[in-house]
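See the structures that follow.
Two complexes come next, and they have one chain in common, chain A, joined by chain B in the first and chain C in the second.
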Partner chain A sequence: MILTSKSPTVPNGVNRRRIVKKLSALLPFLALAVLLLCTAFPEFLAPKDPYAQSLIRRLKPPSFLPGGISGYILGTDQLGRDILSRIIFGARVTIITSVLAVCVAAVVGTTAGLVAGYFRGRVDSAVVRAIDVQLAFPVVLLVIAIVAVIGPSLSNLIIVMGLSAWPQFARITRGAVISVRDLEYIEAARSIGAGHMRIMFRHILRNILSSIIVYATFEMARMMLVEATLSFLGLGVQPPTPTWGGMISDGSKYLGLSWSVSFFPGLVIVLAVLLVNDLGDRLRDFMDPYLKND
Partner chain B sequence: MLKYVIRRLISTIPTLIAVPIICFLLTRLSGDPTELMLPMDASDEARTAFRALHGLDKPIWEQLLLFCENAFRGDFGMSLRFGEPASTLVLERLAATTELAVASLGFAVLLGIPFGVIAAQRRNSLVDRAIRNAVAVSQAIPSFYLGILMIMVFAVGLGWLPTGGRGEVSNLVLPALTLASGLVPLIARVTRSCMLDELRRDYVRTARAKGLKEYIVVWKHSLRNAFIPVITVIGLQIGALMSGVVVTETVFAWPGVGRLAIQAIYARDFPVVQAVVFFFAIVFIVVNILVDVVYALMDPRVRYQ
Partner chain C sequence: MTQKSSPYFSELRADSVSHDVVLSIAGLRTTFRTDAGEVAAVDGVNISLRRGKTLAIVGESGCGKSMLSLSIMQLLPGNGRVSDGRIDFEGKMLVGVPEAEMQAIRGKRIAMIFQEPMTSLNPAFTIGNQIIEAIRAHDKDVTFSVARERAIKALKRVGIPAAERRVDEYPHQLSGGMRQRVMIAMALVCEPEVLIADEPTTALDVTVQAQILELLKSLQNETGMSIILITHDLGVVAEMADDMAVMYAGRIVETGSVSDVFDDPQHPYTLGLLGSTPKISEDAKRLVAIKGSVPPLFRMPTGCRFHPRCDFCIAECKIEGASRMSEISEGHFVACIRAPVEENCRELAE
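Then we have the complex of A and B:
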């Protein structure tokens, strides 16, 4: 605002600046659309077959650098597969596991928090104990160990990652429930004969849903990092299915020969997580302007 | 104070009970631990002998009690890969992990606090904005990726530092920086916001009014009061630090407990996995108690809540 009011005499400059500003505000949504398209239709977006190997074009640099082959825009990996296509196909594993894991965590955690905060008493102290116990564990190590025991299938990953994150949801929900459970509108609902279930899920949950959704967005970013870490350690979805973490791990064995195999998938992870976090910030500002941080 | 410490110790009892139970359940998740630990082509006699040796033929609650009893004595059985007691293997690698953790905490504090103070002194300056962006990026970058980027630049590209291993001080720099990377911006941010609060206080005005030099007002009087939340943040990050240790040690081939855990997982050496999970959980609990006690020592209000 300060910038635009400084130069009112140059309408052209002002306009250009405003256009740039508006366009840059659209950028995250554009990026999100690309990410979702990669998740849904990688076949149509990937320039090459992500599984096609070739011994003669192994570890080639990106096509815009000397030594690159045209058509292989980000170069090839240790088996001669196209890195860009593998990144596009890799979006699916990361997005699906993290979205569904957050859903598991949100459903389990929110329900537990609702019940605990609404009924208080014994149920409440049991839930609080369970939260405390789980938060006392270095969770990533536990997730790694559990996945190693029960096997790294997609559904196992989703369940274990989801269950590792429920306490935070339960905590937030419980706190929110306790702060609204004695308000007049709950009493009003009870006085017209609404049952516990109706009050919990229809009146209380709806009132605190926005903060849960905002938190879920940030949690999704964290889940994407956990998924990448598991894939990097070889405990994610198994090869030959491309995963971003797995690609970084592949490349880390050939750092002396080619930097691009690890570099680009990692860059994509960083950008994707930044994007989701930014989305969370926007959601928070949109849903609750009072929560804006400084 | 003593009352507070005792109350704090009592509140950890449920967790202390849960830790060995979770470690025990870990190998029971897939049903039969024999399937998990013996090779696929093991004969039936070998399976029976294995069950008898490890007490797997007893009722499950008896096994659980035995496991808990042994766990608190530090006995997790023999490593299937090394033939040594699992707890010995963990203890042997403890020094390396401690070295790494202490070095990275040192980096994090030595870099994070000055950055935070400077950002608070010069609000909206370049440093301030840089820190704000660094927080966002450091939360988005997986530690293993940062480690690999550092190897690419400083080890492979410039050849200044070794790619991994342990021994010289130069071996320590990259893994410690990688592990510290998430903490530095976090500490800086907390220091900044606390310093902003403190610099508005009356005692700061008094100190300035009596002619104290500005750097003493900022770095001594205000910073001392801003320390408490910083310690809390470090305490809260211990869990993340331990998870970071597992990954960072793997990337840099650092011979510590985290790398032992990953290797044990690959080798399906579950007594060692159980020992590491148990050990990390206990360390985590102890560190959290220590943080709370330090917190109560520094801020008497905490004790009376």
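Then we have the complex of A and C:
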């Protein structure tokens, strides 16, 4: 009786909850689309010129707060430049450097891990030693040292960040290779006359690719933080090119006068890193065959 | 019964039948580096495979039969190596051949199928792709579409229905029997002269076993290939093989044609194996098991390795040289000093 009387309301509640759940599932993809659009076409999205300075309207609060100027939604920095436009333009540097750095790390690390795990023996010991040595250095410190020596250009930054992250890839790949290399289908591949290269880069790599891709996503989030750190320290892409880390650094000198100069780029970094991590989680669930039942 | 003892048995044999021998193995010794020192999994094996015939290698688990086949393919695990002996394949010595040359032989001229069809196919590729790979590994000029056609033809030949559709399926979409057919298609797509089948039916249902054996037999008639069949199933041997070699603890103890060995087994181990097989024709009796178990590799008994488990053992069996091969009848060799057991040991058996 109770059940029947309640039943008409139950589906409604369930439906509403389901719709909310679906929308929240879409949210990160929307955010990702916005981020990618900012990377690709900042000119069209930014409301103002990110380089246009004006000492009259410097350090203004956001437009929705008292003292804000309309049109400068997130306020202006110490040179009177529009913060929102600079954040939009800053996405490009962050995304490009972190994506390319992860690519460099993935290629170097995966190759090293494949070779080490496949051949074992001396090659393996050498690679594992190299991994241990590099992991003993704090990544940021290492990158700072190298960038300080060879100079902070965009390509240098990408290569150095990439090389700083290869050991993790190598370790993950090596472990996965070791678990796959003695399986029967690898032996079967050898028995049809496949060479080492073919077995490593076709048979083994294809089977462990999903874990590498998932790890690459998480690594991407970390690279965004490293990039922001380096920009904050002035070792990243040089001014006047807007970068999120650089903006925080600029604003930190004026924190007493205006909180918004540092706050919004910081918020964006937090959101972007969260977003990429969330995507990594989803990707892992998607690629894990054991979680595919639902 | 004439008894010709000869320590040079392999050469004798090779001389007499060399014209139709595809693969001959002489004095093969395969050793493994372990913490307990170097142990020999295969120790002085002599066999020869006749063209277009099937040679069965029989023995219980751990007797070295799989290591023998991996030695031929040179796919031994990292700590193993062929430390002595010859493997001659069509006039070519395979031991010590450079890896690149061996790769050209593997799959192209000597192919192999494995025990576990469930795990022998790469789960990340369609079966078509894996067969195409086998084709293109040996002939880079074959275009993808031609190779695909050949793959479909190969699948049809091993009796896979709707091969045009199946070619794009992944291994997990196929049953065990179908996967073993795919493995066979993959092994035979380059028309090898020798096929090594390492327990090809052990992991399959009995009805599927019969189908796979039937398939292998008809493919052999079609292509004229020679088969080395590794098995512990004497029923399969009787069904499939022309010649057989019984292996015990890394050595061949008896070899000859299947009818010779089945009808007139000479080595006590062969007698034991045959005695432990159930027969429908006889009244139900308790099966005779061979007492004891296979000695561990690093603690092999001296002399004949079977002597601790043998009912006919005498003092001479325990000294070196007791496992010398002698020819009991034309082409039927046995490594037992007491052979022919039935004549020499009648009083013991009774």
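Following the convention adopted for this analysis, the second predicted complex is superposed on the first by the 278 of 294 C-alpha atoms of A that agree within 3 Å, B and C clash if a C-alpha of one lies under 4 Å from a C-alpha of the other, contacts with A are read in each partner's own complex, and residues count from 1 in each chain.
Note that a contact is a pair of C-beta atoms (placed from the backbone, for glycine too) under 8 Å apart; a residue touches a chain by one contact, two chains touch by 3 or more.
All values derive from a computational prediction rather than experimental measurement.
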Query raised in the report: Given the touch rule stated above, what does A:M197 touch, chain B (first), chain C (second), both, or neither?
Result: neither
Requested in this report: Have a look at where A:L26 lands relative to chain B and chain C in the superposition and call it first, second, both or neither.
Outcome: neither
Requested in this report: In the overlay, work out which of chain B or chain C sits against more residues of chain A.
Outcome: B
Query raised in the report: Just chain B (first), just chain C (second), both, or neither: which does A:G266 touch?
Result: first
Requested in this report: Please work out whether A:I146 is in contact with chain B alone, chain C alone, both, or neither, and reply first, second, both or neither.
Outcome: first
Requested in this report: In the overlay, answer first, second, both or neither for which of chain B and chain C A:L55 touches.
Outcome: neither
Query - chain A-facing residues of chain C, complex - result: 73, 75, 78, 100, 103-108, 111-112, 114, 116, 119-125, 133-134, 137-138, 183, 186-187, 190
Report summary line: In their shared complex, chain B is touched by residues of chain A numbered 129, 132-133, 135-142, 144-146, 148-151, 221, 225, 228-229, 232-235, 245, 248, 251-252, 255-256, 259, 262-263, 266, 269-271, 273-274, 277, 294
Query raised in the report: Given the complex with chain A, which residues does chain B contribute to the contact?
Result: 11-12, 14-15, 18-19, 22, 26-27, 29-30, 36, 136-137, 139-142, 144-145, 148-149, 151-152, 156, 163, 193, 239, 242-243, 246-247, 250-251, 261-262, 265-266, 268, 270, 273, 276-277, 280-281, 284-285, 288
Query raised in the report: For chain A, which residues are in contact with chain C within the complex?
Result: 120-121, 183-195, 198, 202-203, 206-207
